[in-house]
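Should a chain be cited, it is by its letter among A, B and C, assigned in written order, with residues numbered from 1 in that chain.
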Amino acid sequence: MSDDWDNNIADFEMPDPRLSRLDDLDDEERLIVDIEGFEGPLDVLLALSRTQKVDLKQISILELVKQYLEFVTKARALRLELAADYLVMAAWLAYLKSRLLLPEEESEDELSAEELAARLTHQLARLNAMRERAAILMSRNQMGRDVFARGAPEAVIITRYHTYELSMYELLKAYAEHRTREAVADIQIFKRNVYTLDQAIERLSDMLGLALDWTSLEQFLPSGIEDAQLIKSTKASMFSASLELAKMGRAELEQKQQFGPLFIRGRKRDPKEEEN
Amino acid sequence: MNHHEQMRICEALLFASDRPLSSIALAEQLPEGSDAQAILEDLQKKYKDSGVNLVEVAGKWMFQTAADLAFLLRKEEEKERKLSRAAVETLAIIAYHQPVTRAEIEEIRGVGVSKGTIDVLMEAVWVKPVGRRRTPGRPMTYGTTEDFLVQFGLNSVKDLPGISELKAAGFLDNVNTSRLNLLSDEKPDEEQPDLPMDDDESSSEEQVIS
Amino acid sequence: MNHHEQMRICEALLFASDRPLSSIALAEQLPEGSDAQAILEDLQKKYKDSGVNLVEVAGKWMFQTAADLAFLLRKEEEKERKLSRAAVETLAIIAYHQPVTRAEIEEIRGVGVSKGTIDVLMEAVWVKPVGRRRTPGRPMTYGTTEDFLVQFGLNSVKDLPGISELKAAGFLDNVNTSRLNLLSDEKPDEEQPDLPMDDDESSSEEQVIS
């Protein structure tokens, strides 16, 4: 392919006459600067290469680069926020151009400029070929458009492997929908009706001031609670509160037997402890 | 247009039509002055000894399997059944999360799974019990079958598209955008190539607490 | 059972179906030792000049209206799936390059495949996931379906128009998907588990006939 490719570096000692050709083009021959109409830089390059009206293998990379850079400059003037893809391609083409114009350096790790250019040409030709094939494919006689199957098919007995009909599409769709639903599932956490530990400590310490003798903890439970859940919660919190107060040295606890009633009484503050 | 050409046209029209056609309807497709009736009779003769006959029913014409070959045709009521939505979703969850217990499926779906749903999938030979979970109660776990892979042209369940691939293919797109945002918020690009189902573990945290 | 009777049976079965039937499926309905292939060829000859032809698509057989009558039958008002240019191109790339990953499609087109493009092709049942590439990330690969072959009247993907020319031009070689490959000297992926075109599309999922 590189044989066909006609950008011999040696030819470019003098300004390439072809480079000036673009300036002579009529306006209508030039690519209209319309980014929206294109699907990315490769698409633009392909369209530009077509304006050279030659076999894609024969395109002049230098002219192509020139046209592309001009296109991008104009497009940028119109729309500052030109997509990064276009600018990356522009930068790369500018680099390619410079390498094509400069004398070739011997380098082992880098591809030669010709190889890079050939690669770009190949990519453009491949895209072009796929487009042509796509058009050919779509112009074939299509089932349901040009040719038709039996309009009123009759069911046939053929050994069936499956009784149920389900396509991959339906399966994936179902899972995706499930995932989507799940992602937004409203999580409702109901506020539980609880008697908090803070409430219990506050109530217990207030009441301990009044009862200095042993008193069953049960007696301190707030009255008038109907909700079974809340009663449980109150008991648990009051028990924890009693332990907490005992730990703080503000109450004493006593239990005569296992599972027996728990007695509590307030403890006078020991002045010595306070000092510590 | 000669007679043979006209016969071909009628033949094609009758073949492709999803209902019987009248000779008047056929005549409209033929050059003026054509004798549709004669053409139809010639066609009928042509197919007389074939596996398919051209018959006239209620003044209209249609192709029909020859009566003596009716045994080849399936009865209507054996028509393929469509899977229910719940079944499709359950199948998808089993495929992605296998081995999975019924309770886990219910947890993932957030709805109960009736026994019939799994039965239908087992009847279709897409799902089978694959073992028991070593947890209290030793619940049965389900997985997909060889037939499942065959049905969907997969080499292995690992070939099912992962979440990011579903997203990329546009499957997670069509629902509504606010939902999509929520979904993509959790983790932008979780690539879970090997086990597409693994990125689902978080679902257990979404249990309703009451 | 004589040859004529066997022909009638195949004729009836094929005529009754709107999907292609394999010669194996047909042979199952014939007496043992019948030469289904020979019967099918005779049937094809019988219908050669009719308005309906017996064609071989997707490696199977079906009756369809004669291609030269398309002008008469073409249904334009039908909600013909209007595919976007991107979708058409993507379809062609998948067809010619299969199995192909999304990244490879993007590389060939030089632009990202927007969400929904592959989705649309999968919804039309022309494209399906066919497996995973054995490369890092195990990307999903796509291929075409039997429906695709039927739609475009192809016997197999090997019959895609101009495939040998494309191959000769090197257009179907491995696609280097490393970003900005133009700059890098990376060799294309060595690993290409399934040879693009030698895969015969014969997944057994397609044996279901309705």
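Everything below uses one rule, namely that a contact is a pair of C-beta atoms (placed from the backbone, for glycine too) under 8 Å apart; a residue touches a chain by one contact, two chains touch by 3 or more.
Values in this document were obtained by computation on a predicted structure and should not be read as measured data.
Chemist: Between A-C and A-B, name the chain pair that shares the greater number of C-beta pairs in contact.
Modeler: A-C
Chemist: Specify the chain most distant from chain B by Cα centroid.
Modeler: Result for max centroid distance from chain B is chain A.
Chemist: Averaging only over C-alpha atoms, locate the centres of chain B and chain C and give their separation in whole Å.
Modeler: The mean C-alpha positions of chain B and chain C differ by 18 Å.
Chemist: Just curious, how far off is chain B from chain A if you go by their C-alpha centres, in Å?
Modeler: Each chain reduced to its C-alpha mean, chain A and chain B end up 31 Å apart.
Chemist: Counting only residues that touch at least two other chains, what does the list for chain A look like?
Modeler: 148-151, 154-157, 161-162, 165, 168, 172
Chemist: Chain B: which residues touch two or more other chains?
Modeler: 12, 15-16, 63, 65, 72-73, 80, 150-153, 160-161, 169, 171 - these are the residues of chain B that touch more than one other chain.
Chemist: Which bits of chain A are touching chain B when the two form their complex?
Modeler: So the residues of chain A touching chain B come out as 148-152, 154-157, 161-166, 168, 170-185, 187-190.
Chemist: In the complex of these two chains, what residues of chain B are touching chain A?
Modeler: 12, 15-19, 62-65, 72-74, 76, 78-83, 85, 88-89, 91-93, 95-96, 108-110, 120, 123-126, 147, 150-153, 160-161, 163, 166, 169, 171-172, 175, 178-180, 182-183, 186, 203, 206, 208-210
Chemist: Under the definition above, what is the set of chain C residues touching chain B in their complex?
Modeler: Chain C reaches chain B through residues 4, 7-13, 15-16, 29, 49-52, 63, 65-66, 69, 72-73, 102, 113, 115-120, 122, 128-132, 137-140, 203-205, 210.
Chemist: Which stretch or stretches of chain A touch chain C in the complex?
Modeler: Within the complex, chain A contacts chain C at residues 39-43, 85, 88, 92, 109-111, 116, 119-120, 122-123, 125-127, 129-131, 133-134, 136-138, 140-151, 153-162, 165, 167-169, 172.
Chemist: Per the contact definition, I'd like the list of chain B residues that touch chain C in the complex.
Modeler: 4, 7-13, 15-16, 29, 49-52, 63, 65-66, 69, 72-73, 80, 150-155, 158-162, 165, 167-171, 173-174, 191, 193-194
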